[in-house]
Amino acid sequence: MTDLHLWLIPIVPFAGFLVNGLVGRKLPKALVTAVALVAAAVPMIQVAAIIAGPGSPAVPHIENLGTWIRAGSFHADFSFQLDHLTLVMLCVVTGVGFVIHLYSVGYMGEEAGYWRFFSYMNLFLFFMLMLVLAENFLLMFVGWEGVGLASYLLIGFYYTRDSAADAGKKAFIVNRIGDFGFLLAMFLLIAHFGTLSFQEIFGQIGMHPAWQGGFLTAIALLLVLGATGKSAQIPLYVWLPDAMEGPTPVSALIHAATMVTAGVYMVARTHLIFDRSAVALAVVAIIGTATAFFAATIGMAQNDIKRVLAYSTVSQLGYMFLGCGVAAYSAGIFHLVTHAFFKALLFLAAGSVIHALGGEQDMRAMGGLRRRIPITFWTMTAAVFAISGFPPLAGFVSKDEILYQAFVSPNAGGRILWAVGLLTAGLTAFYMFRLWYMTFFGEYRGAHSEEPTEHGAPVHARSDTKLVLEAEPAGHGHGVHESPWVMLIPLIILAVLSVIGGAMGWPEALGGTNWFAHFLANGAPRTSHAAAADKGLEAVLAIVSTLVALAGWFVAHLMYYAKPELPERLTARMHALYALVANKYWVDQIYGALIVAPVLFIARYLLGGLIDRGIIDGGTLTAGYTAQGIGALLARIQSGNIRSYAGWLALFAALMLAAAWFGWITQFLPR
Amino acid sequence: MNDALRILPEIVLVIAGVVLMLADAMMAKQSSRKPLGWLAVVGALAALAASLWQYELPPGTAYFGVVQTDAFSVFFHVLIACIVLVSLLITIDAVKDSTEGLGELFALMLFGAVGMMFMSGATELLLVFVALEISSISTYIMAGFRRKSAKSPESALKYFLLGSFATAFFLYGIALIFGATGTTRIEAIAAAVGAGNTPALIYVGLAMIIIGLGFKVSAAPFHVWTPDVYEGAPSPVVALMSTGPKAAAFAVLLRIAYGAFPLLHTHWVPALWWLAVLSMTIGNLGALRQRNVKRMLAYSSIAHAGYLLVAFTALSAEGIAAASFYAVSYAAMNVGIFAVISHAGEYDDRLTLIDDYRGLAYRSPLLGGAMAFFLISLIGIPFTGGFFGKFYVFAAALHSGLVWLTIIGLINSGIAAYYYLRVVTAVYSRPAEASPVMAVPRPSMPLLLALFLTAAATLVLGIVPTGVLARARQAAQTYPAFSQTAGTPLSER
Amino acid sequence: MVPTSYYLVLSAILFSIGVAAFLVKRNIITVFMSIELMLNAVNLTFVAFSRQWHQVSGQIFVFFVMVVAAAEAAVGLAIIIAVFRARNTLNVDQIDLMKL
Amino acid sequence: MLNDSILTWITFMPAAGAVVVALLPRKGRVIQWFSLLVTLVTFVLSLHLPAHFDYAQHGFQFEENHPWISSPAIHYHLGIDGLSLWLVLLTTFLAPIGVLVSWRAIKARTKEFYFLFLLQQTAMIGVFVSLDLFLYYGFWELSLVPMAVLIAMFGRNRGPQAALKFFLYTFLPSALFLVAIIWLYAKTGTFDFVELQSRLAGGGFAPEALAWVSLAFLVAFAVKVPVFPLHGWLADAIQEAPTAMAMVIAGKLGLYSILRFNLGLFPVQARAIAPLMIVVAVVGLLYGALVALAQSDMRRLIAYSILSHLSFCTLGIFCFALAGLNGAVYQTINEGLTGGALLVLVSLIYERYDTCDMSMFGGLAGKLPMLATLYVITSLALVGLPLFNGFVGEFLVLSGGFPVHPGWVAAATVGVILSASYMLWMVQRIFYGRQSSLVVHRPALDLNAREHIMLWPMAVLMLAMGVLSPYWIKGIETGVGGLANAPAATARATFDAAHHGQPARTEAVSMEKQ
Amino acid sequence: MHLALFIIFGVFCVAGALNLLLQRHPINSALSLIVVMSSLAVLYLLLGAEFLAAAQVIVYSGAIMVLFTFVIMLLNAGKEERTHGSRLAYIAGFPGAAALLGILTFVFLSRGGDFGQARLGEYIVTTSDLSRVLFRDLLLPFEVTSVLILIAILGAVALARKEH
């Protein structure tokens, strides 16, 4: 077996992180850029080399670097595995990762924390690649937590802003709740299998066809909890919209294309466990569908361009979950891939818009940008159409595959899931076109872009005080303008991929080969029931969903282009509903009131105050005072008066004599 | 002549005392009396040498069986000689040249030591009584020596009146024992008790003797005099009287209990058990609230008497050895701490409250460190004599099956840590801004010597106790009747 | 013919009166006197027992007690004088500078 | 042959240094440099141990056994095994850092400080290497005094009170502990650990008495750890203590002793009380984390976080699973390292701003970026981020304990969430956000060379222990291997039967097999 | 005869002791004590202790009590004031004293048979008998007494010396 030196793939970005992180502050900017880009490019080249390499290596291909943790006979190794699923993920991570690194060179070009930013980005790549390459749960968990860390650092990149620091913390903690599930799942796995290695666990499952549900359900559900945290699904999605506080390339890379899809990847990776548990699959599907719909409704009422995209991401991730939940793992992964293209593109394009407007993120202050930033406009258009599901763009192909799989799934609720998914597709089209229209069409509604906006310093001037002083005079105070080429090239690349990416998995019903599903048949298969369905149904469903997308477009066109006064009328009419949606169903507030506040209350007053101060400290004091009190009482004998001392002596002498005479004390001697 | 050798240390001390008196009388009225102190030190050293030499003597009695020289008495002779020696050094350091009656003070210390030594060697209750009175009366007088303060005569008066009161009980006890047995010789009493004479009288008499001696060792509930007397008496005197007469009284108690009434141990062991428990508890709890250092140490000395009684109660050779060892280690650390107090308080007790000692370590690192060290030993921290003594005592007690006594005792030593540590922390905390910054006088040579001797002894007893331990064990062999019972729980005897 | 126990009881009575006097008397000198009373009571016991056992040592004990009492008296009265000088009172109840 | 006396050298080198310190002049920085030299030499000497340790061998190595006092039979018996090996190393490693962190913080009374500091070192090392119960108890108690005096002398505001509290809390149970030791001696006639172990294993003791004795041991140790609810001294002590002491005040001594004595001498009794200990461990874990959330003083927060993290160790110990025991020891080392580093960092902030009140801070990262970086790294290690040491320990504890007590361990895992919450919140309150007026107005420099020198080794070690854990585990496992419950397969079988009705796996790779 | 004498002087003793207790002027108390001591001397005679009877009168009633009266005079002590210094003295002390008396009396009377009867002139200790024991068997205590007296002198001198 050839040694592919898989460890090199993550280690190069790590080296980049170390160099930039430790000495980046003192390096010239060009060198920082070079290090970061090389660190991002090398893994991509390596992956390409593997793909282009001679023959296909054994699948899965495993490389073991040695033990990481061991106790007794249990051990978890630094071991990497390569199979088709990994390869797909590697392509996405390294490819999109590199493209976004490139973009960032332009976007972050004038930040004082430039070196810091790129070291974090490289760190992220390192952990993401670890996550993808891991051969066991524990190593996967390293990546899993690691990307969370990178995400935390990058969200809080503008750490002087309280909101950014808050958002970073929130992301980390909510992710930790998911990790709690992941950890428990691992403990259960160890308890049952004695190992955490994928191969060994899946091998054991394979050998015991009788194992259904039971502990496997428990494991699967705990894994789902982990996945909901990382992939921002109900109930743990709350961190992702806030994560938009980070720089836009971060949103594109981490909070759209790669990290948030880790949950989907994990479900696909462990699908052998899910396959044994109908309950867990159903849970995944329901969570996915619910999230997709729920987030889409919120997305309709958001005005911050990045927040719209954030909710859209949550919603699309829901689709992926739905795909996995109906055991169509390849469909889920396929959507993951296409979503990486178009959502990254959307974010980058949005970043370009924001960049153009000097930091403005509120869509109500945009409009009519179509001509001023044409390349951004066109690439974004491609993305909007792709996500809305217009054939033959990438989004259409992957989303339809999922909806189709849901429809034909033997589960009782498959049709319901499909219906909700379809409705969501319409909503998606609506809010994406709403964004499109509000941003690019109509009149420019913004104030003069030179002025910093109210709710936050402009994007270039956000890091720290030193930075503000340096950055402000250098800001783009010259009106709306197109971004530099270093930012546009990534847009174009991603636009192309968004347009043609669907070809990989063009459904057989429409004359394609669905190469992607076959490619993944080994790692994350489509389950067999899909094949039983007929191709005609698939075609019909595709048409239906296209029509729904068109409907969404139409409504958006009506409301935000044709009759711009309509939205206000509608909001006035359906005031309560609008408030509900615009306030994101008050979920943050509810969580705050139901979880955070009680926990803090208990911590502060019940535990910290009552128990710690009151009982434990107080108990100590009471014991001390009691002893002192007895001492004081004894000291009362010490009246200083000789006669009373003599009286005391006489009394005890008498007692002593009595005791001696009657022999009392002999009996009262405790043993 | 052979008889005289058996009381050689006492003779040496008497001669030294008399020489001292004569020298004092011959000296000019205004001249410094400190050289007399050195003379006394020489006397004490000679007595120490004589005591050590007595280890060479084969065990035996002298003067018609009135006094006995054995490993046990010699052990205490050596201890008492050492205590007096160091107390003399402290006195030399503490008192001013002008202090009146200094010559008498030194002489009294030496004469008092004669009494203590006779106590530890006497086998005739009459001699015990006389010796006890010598040691007591000399301490009564010394307690009143700090005459500038109204407290000192008061202290002397209280000690004197209550001491005499207790002596009356002690004497009554002897009378009753005499009545029951017809003799006042210890072995003879033991024999007579075996012959079964009027047990009621013996019980009551024994109880009265225990009352009297309990008073002398300040065991609760006969401890009431202790805090007042310690507070008023001059510190160097307290150094002596909290250790010397106490050790001697314990020796007497041991000899009487183990020598004269071994057969009645079922009677006196419970009594001592209760005395031990009460002493430890009352001593430690009482000390908790004290603000005056000397009062606090007085309570602590009550508690330590309790620990010593624990060893008695163990009723084994180990117990005797432990008691003897504990007496030594307690003497070392207690004399040491009073050396510090005496110097810091400059004899007239300028520093009386614990708060006055705040920041002592800042004013004088040496004194502060020494004080902390002795306190730590009193707490019973390992590698100090205090710890090993306590350990040995409770090991003996537990070995004899006294589980509860051991538990009570060690919990008590835990409580005790509080008040000792309060002083340690005071010594080591920064002096308050408002407090008058008191310049502690530079330690003089005798003080340094005293501190060195006591600290070294405390440390040696904690780290390499083997030598003293062997002597203590040898002393315990004086009572072979009990060494066989070691190890069997009390209930099985 | 008097039973020895009568003597003993008499001594016990005297002793107890001595104790009581110690508790009652306010004048330090009288308090001291009650101690002397107690010692005398003990002496009676010694003499009585000495007679009973036909042992001289009991009487010698009494002799020694007298000597000790004399010594105590000398010292005690000196202390009393010192106290009186310091406090100008002979009332025991007022000799309580040190307490608690 | 150095192997025959190395432990004596390591143990008493600091004490000898202390004596020299007492004689050194107070001028300049002589005392500091000398103390640093002593601690460094001790550390270098201690490196001899892992280098010559026989990792294949169970039982004690580098033994020294000389009679000390003949009766009671007390021996000067030293020796280490895999359990104590790394704890000794941790102690010697932290010593130079303790000197460095006190370099500027201790301005007056340096002689007293370093004298006591070095004495404390000897006491701590002595605890780990003593194999004679008497000797052990000596070091155990001795370790209290310098600590208490240092807290009293160098405490910030309420030093004396904190010192008293600390001392009494630990000393009172020690009294009962001493009773237990003496009882054992009375019954067996020996203080020697190895001999006692075989005697006790031989049986013939009243089970009730043994239960009480083991309880006395346990309480004394539990207070020192501290185990909830015996932690009353911890927050005050850590808040007041000079950093060099706060770093070592909690954790290792108590946990080591529980492992060595409670599990080593009283395996049956330890198992009997395990359910209770599991409960208090989990409660303490969550309790500490929650109370930490409510703190506004950095040191107090860290104190409660230490309580929480040490509870992991207790949990790991009383599950009696090999992984759990490994993890408990590992976590003990982690706590010393990471908690220590955090306290060092806090003290650096305190040196610059004279306060530990978090409400006074904000935006410090802009001003002290290096310090902020290291602070974040340390926080992440404490939080248990994978590839840091904390994760290895927590993972081993939790995964080892899970098959035994799934419910409790699951509850303990919640602590993972909470620890992230309070640590990140602390980081945020200090370093992020707008700069507070204190930060703006008080001039302060970023880390200097000395501070770099003491912090980076710790940071690197955190990472190294996170990545290369087998290097440490192999030693630890020889030490704790004998303490675990052997029957791994049955544990899983009962687990399966109890929880899922699944048949026990036949080809199971038994996790706790030895 | 013996009994009569015993009763007479016994009553004297007790009366004197009670008088000591009840009198408020120290001089009266001292005189009462002299009565007690002298009566005791008679009782000693009844018990055959001739030398002691003499010594009792000379040393106790004579020397010691003279010392007392001397000091009383010196300090010009007046009548006692009935101060209320201590309740504990009564609360604890009187029951204690009473219990002491009770226990001792009970012991003596219940075991009265053990102690035999005292006859007049049955056992008379002469001075020579006394000295034979005193200067032989108890020589050392006797000698040691000198130290005691030395101390007493020293102490009296040191304490009573007037300060300047």
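A few notes on this one:
Lettered A, B, C, D and E in written order, each chain numbered from 1.
Operating definition for what follows: contacts are C-beta pairs under 8 Å (C-beta built on N, C-alpha and C of every residue); 3 or more make two chains touch, one makes a residue touch a chain.
This structure is a prediction, so every number in the text was calculated from the model and none was measured.
Of the two chain pairs examined here, C-E and B-D, it is C-E that is joined by more C-beta pairs in contact.
Nearest to the common centre of all protein CA atoms is the CA centroid of chain D. Ranking every chain by how far its Cα centroid lies from the centroid of subunit D, the top place goes to E.
Distances between chain centres, each the mean of the C-alpha atoms, put A farthest from subunit C. As a whole-number value, the distance joining the C-alpha centres of subunit B and subunit E reads 31 Å. Rounded to whole angstrom units, the spacing between the C-alpha centres of subunit A and subunit E is 101. Our note on geometry: subunit A versus subunit D, Cα centroid distance of 36 Å, whole angstroms. Centroid to centroid, with C-alpha atoms defining each point, subunit C and subunit D lie 65 Å apart.
Subunit E has residues 85-86, 89-90, 93-94, 96-98, 100, 103-104, 107, 111, 115, 137-138, 141, 145, 148, 151-152, 155, 157-159 in contact with two or more other chains. Among all residues of subunit D, none touch two or more other chains. Looking at subunit B, residues 126, 130, 133, 137, 140-141, 144, 147, 153, 156-158, 161, 165, 179, 200, 204, 227-228, 403, 415, 418 sit in touch with two or more other chains.
Chains that are in contact with each other form these pairs: A-B, A-C, A-D, A-E, B-C, B-D, B-E, C-E. In the complex of the two chains, the subunit E residues touching subunit C come out as 2-3, 6, 10, 13-14, 17-18, 20-21, 26, 29-30, 33, 36-37, 40, 43-44, 46-49, 51-52, 55-56, 59-60, 63-64, 67-68, 71-72, 74-75, 77, 80-86, 89-90, 93-94, 96-98, 100-101, 104-105, 108-109, 111-112, 115-119, 122-123, 125, 129-130, 132-134, 137-138, 141, 145, 148-149, 151-153, 155-160, 162. Per the touch definition, subunit C reaches subunit A in the complex via residues 19, 22-24, 31, 92-93, 95-100.
Every residue of subunit E that touches subunit B in the complex is listed here, in rising order: 103-104, 107, 110-111, 114-115, 136-141, 144-145, 147-148, 150-152, 154-155, 157-159, 161, 163. Per the touch definition, subunit D reaches subunit A in the complex via residues 165, 169, 229, 231-232, 235, 287, 290-295, 322-323, 326-327, 363, 365-366, 369, 380, 385-387, 391-392, 395-396, 398-400, 402-403, 406, 409-410, 413-414, 416-417, 420-421, 424-425, 428, 431-435, 467, 469-470, 473, 477, 488, 492, 495-496, 499-502, 505, 507-514.
Contacts from subunit C toward subunit E in the complex involve residues 1-10, 12-21, 23-27, 29-30, 32-34, 36-37, 40, 43-44, 47-52, 54, 56-57, 59-60, 62-64, 66-75, 77-82, 84-85, 90-94, 96.
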